[in-house]
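Structures incoming, each one as structure tokens.
Shared chain: chain A. Partners: chain B in the first complex, chain C in the second.
Up next is the complex of A and B:
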């Protein structure tokens, strides 16, 4: 009994089912990414109507950063809780119930988005949700989109209850044991998620859904924006924390070693729990209606978030070095050669971590209040998040799939060399694309537009030309799409492969410094949750009170329309009514 | 081979960021390199590394390491 599917066959089926939904979402989202890339760079005129671009952009964003990531991570969390507590889920029916809720939510939101490709449907008429991943007002979607989103998030909440329940039952049977590290990571991530999703729950249920149903005539755009970013930044950590989990648990094991420090890993996840949420306003540095002081507080909180990432870089590299030295590696840097570079799971995750360092640096630029003004809403920003969620998370998830799939199916990985080429191709494609996106952003080329070129004006590149940057972006996007295609071939090939008895054990080795070395207070989840909530209250109470005081709960009025010109009407009304600073 | 095929693949991949920023770096020293020259230099660099990896080291009679 060594592979996961042998130990937990029913749970393995749940995880496989979650992964497959994730991979279908990846395929749809990636295809939309290629279409955008080719159109925006002027390589091919893909959209005859500019409006179609926003349907494509929304599909790309929502299918990748909501569906692909979250479906994958719920599967990983089932694996983490069941293996580390060494027990199956308490009730399979309950587990499938949250799977069902998430599926229903995905289907409703997905149909609402994809329906936007057709102008007028029989009976139901116009159905669309061209509101982008950042779905705040004044952009308005069909109610089905908001309903699907709400059901999907409730599904994740119920999934969290499932994992807390497993831990609670285990704790009654093991009162003196420390929380096993993988379960600790799941619980802290879910606590952060519960706090973070309060913002989007209020935004959707209290404002956006009733507004789309016609029950509310107007909403306050700044309020819905702020509530979105209350969730919109910590959702980044909801993607990243499972990726970190893979780096902490799988990278040392695959390297041939053991995790350097269990206590440091716990500290990192606690820091993410308490610091992730009170930072969202850093996405609103250019928003009128929020005072500079509140923005400064958000910036300070954001800079503290660098700490857990730097601690992770140290711990993970130390663990990899330990593994490499177990494999005979020597010297200050010579041990790097002893790492298992031929293993696609290792190489993919290592490259993802490396690119995340670059994404962290550009993230510091975004987080700095004054420097942010140079890059805000420019192509720099997609360049940044294609390194973080688009590589640190996506590449880690794809690479870890090469370790998970044999564990979940009992089948040998289909073509290890092809899988290795896939992760390297992602690294190369993303290097081309994100580098050029960053540089294009510095020239002032905007994001979120189908055709960033204007009559009588040309962007001037410092080095080379805008045409060269576009070629680099198109090349990178094409390589990334090819990489996704190879990934899907390997996944399908593995699913159809014959059963194998040569799959390595799923057991994660004990850390070099185990939980016995960490203070007991680290496991006090109540304490860290209270601190997290207090920080959120401190960071958000006054800004939200100020926004409501100035603009009202339902705002100053204005029409809803998925077009930027109309948001100018709302801003003009705000200015007329004195809601904007002068 | 001096290094495994997978190591060679990774090494070539690591050269991409260098290739991409090669021209930017040179411009900081006042050297403006055309895109064609940059691509040619990059291909030459990757070819040189591949050649170095493929040609056996002196005294290495054991053949390729293919892990």
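Up next is the complex of A and C:
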């Protein structure tokens, strides 16, 4: 009957606060995206020092895929747990404490990165973290970067505890009830996240942070890289599962129907829980020091991970069709016309789903072990993931914001037509940018490269020309940035809008096939967690043991390559000279 | 559990698709024989590559009738050999070449443009890959793994020479006096090694004080020849003179040696 903010005003404030951090990160990230497209296509010489490009790219990667996505999804998870259990958080102080930890982590890592735009700071000297979001050693960032990252992740762990706690208390009061689907989705996602983040936590806390502080002289670059990808693949599902959640919960509702099947939604989330982690080595198909057998196992697991996505495609389309038919849609394809295309939340999510299908195809190429030689680290790869995280996730989050904001503020959406233009513009811009990136990658043009033009050779385009591809990338990037600008206008406009009483109810309708059709075992989170852990142990024990056996825990030698650590040197000098204020 | 009939069909189709993709990749590995970069080589100390058996000898080496090994060190921000200031990587056409690539600093890639020769280069690890070069041509080489602020400048070149023009000469030793009295003859003996397994001919160019002498030499496979150049100092004033000897084999890689000859009494200082 009522909006979310009326039912849970304090929680609505938490969610709004998380969303706002997310949107600021999006704004910063998108601006960097624009600079990248203009510079690396040669359209416009943005940086007189091409090295600055990598500070920009680190900002783009970290602010978008760590801050924008995760800040948004913790907000969504608070909403999902509180609405579906129909109870507020157990302790608001506890909730704000993880919010605080995540903020502190974001600030530390963010400052370390952004400080790289200035060469020399008073007192602390050179602070920067131009290591990109993968921070592969021996490239070394300022310790503040690693520290921020660690604190941020601990913050998400505490947030997970908050949601488990809500569920636990609810379960004592409702011992015979099934876990409501939205809460089930949150819990399975968080279980996956706990397992996945172990990799990066060990990499950062045991190796990279002490190393950046000078406590360790060397690290094993292959080991820290493998631990990164232990986390780096499943983090993709940490972004994607909330987007799927929106497709399962909001999309059917907005289409005017009901979710097709509750049991299958549960199966999908369980598959993600157990299959997301033992696949990370597919990012290391071309790494020396890992045997072909381990790569093959990761490839097989990866392919089975297609299953939950393919099942989702079915359920989502079936639920939309059901909704359209409720609205009077008819015919084989005629029902498509009956969908609420005028609703930006619907249209955005539907377009996001469509692009995800395209991203799925290029993903199958990436995952195809020996086919990967052709595309690895080429421009094809960002072409691929701007369809997945950059659209399936990002556009779904933006589109669902149009549904969430009125719920969270009690204010009407600022401008529906503008919001509609925004989601369509994203689709058009991404079509240009992503398609051209894929094609450029097939010519051998590398990713993560400020000026991909060389003295000794040129890239040969079979169809069209490199210039034409560059023009499309720059055009696409410009449209995308414009789209983000419009998104921010709508968000700010809504926040400033007057209160309205005509906002639809936030209650999610019951699925067509409800939880009573789900076997009880699906809710046995312990069982699925154990299976997930066993699979991870099977997939990772031998590769990690072999890497450590070959190169040692701290690697076979080598040095650190600080992307600048002058500040520590300066501090050390000040300390030894006694000039440091006490 | 209640699974809709269409959903069941879809599930089966999805599983078939997954199995088909795995089968395709397996066929690529087993049937076509596309090997993955693996862990066949031992680790190396990136700080001591100069003492390493393989990496102290970077460049191309013949190891069989048509088989070659190329040892490459990637560094911020070039390849040795392959990129400047080193010469390009040179191999003959019609050969099977195994690259051994490692890094002395951070993670790089070794990626040959327009081919599927593409590997990560990780300090401490050695990436190996075997490639067949059929035709004489040139390839661009680039680093596609971010490795620092000049990453975009990291490039190189691979030149595939016609088989009959490809040489691997070295000058392992030169026997030359440091000083001769004015009016005496100086003999400079150059040892020329042919590291190919086939007999090869080339020209040695010897230069002394602006005068050039040339000598055609034929060397058996995997052996050496000595060539002596004689310098007459009769018309020379007492002074220090430099000489050099260069292999003129048409390769991009320069093989040369040089030294000094003092004519008359060495100056004391």
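What we mean here is this: the second predicted complex is superposed on the first by the 559 of 582 C-alpha atoms of A that agree within 3 Å, B and C clash if a C-alpha of one lies under 4 Å from a C-alpha of the other, contacts with A are read in each partner's own complex, and residues count from 1 in each chain.
One rule holds in what follows: a contact is a pair of C-beta atoms (placed from the backbone, for glycine too) under 8 Å apart; a residue touches a chain by one contact, two chains touch by 3 or more.
Small disclaimer: the values here were computed from a predicted structure and weren't measured.
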| item | value |
| --- | --- |
| Chain B versus chain C as contact partner of A:480, first or second or both or neither | neither |
| Touched chain A residues, chain B compared with chain C | C |
| Which superposed partner A:347 touches (first chain B, second chain C, both, neither) | first |
| Partner chain in contact with A:260 - chain B first, chain C second, else both or neither | second |
| Which superposed partner A:420 touches (first chain B, second chain C, both, neither) | first |
| Contacts of A:472 with chain B and chain C, given as first, second, both or neither | first |
| Touching partner for A:463 - first (chain B), second (chain C), both, neither | first |
| First (chain B), second (chain C), both or neither touched by A:428 | first |
| Common ground on chain A, meaning residues reached by chain C in one complex and by chain B in the other | none |
| Complex interface listing, chain A residues touching chain C | 50-51, 53-54, 57, 130, 132, 136, 138-139, 220-222, 225, 260-261, 263-264, 284-292, 295-296, 299-300, 303-304, 306-307, 310-311, 314-315, 318, 364, 367-371, 373-374, 376-378, 443-444, 446-452, 454-460, 513, 517-519, 546, 550-551, 555-559, 561, 563 |
| Chain A to chain B touching residues, read off their complex | 337, 341-342, 347, 351, 420-421, 424, 427-428, 431-432, 435, 462-464, 468, 472 |
| Footprint of chain A on chain C - complex, ascending | 1-4, 6-7, 10-11, 14-15, 17-18, 21-22, 24-25, 28-29, 32, 34-39, 41-48, 76, 105-107, 109, 111, 113-114, 116-128, 138-140, 142-152, 155-157 |
| Contact footprint of chain A on chain B as seen in their complex | 3-7, 9-10, 13, 16-17, 20-21, 23-24, 27, 35, 67 |
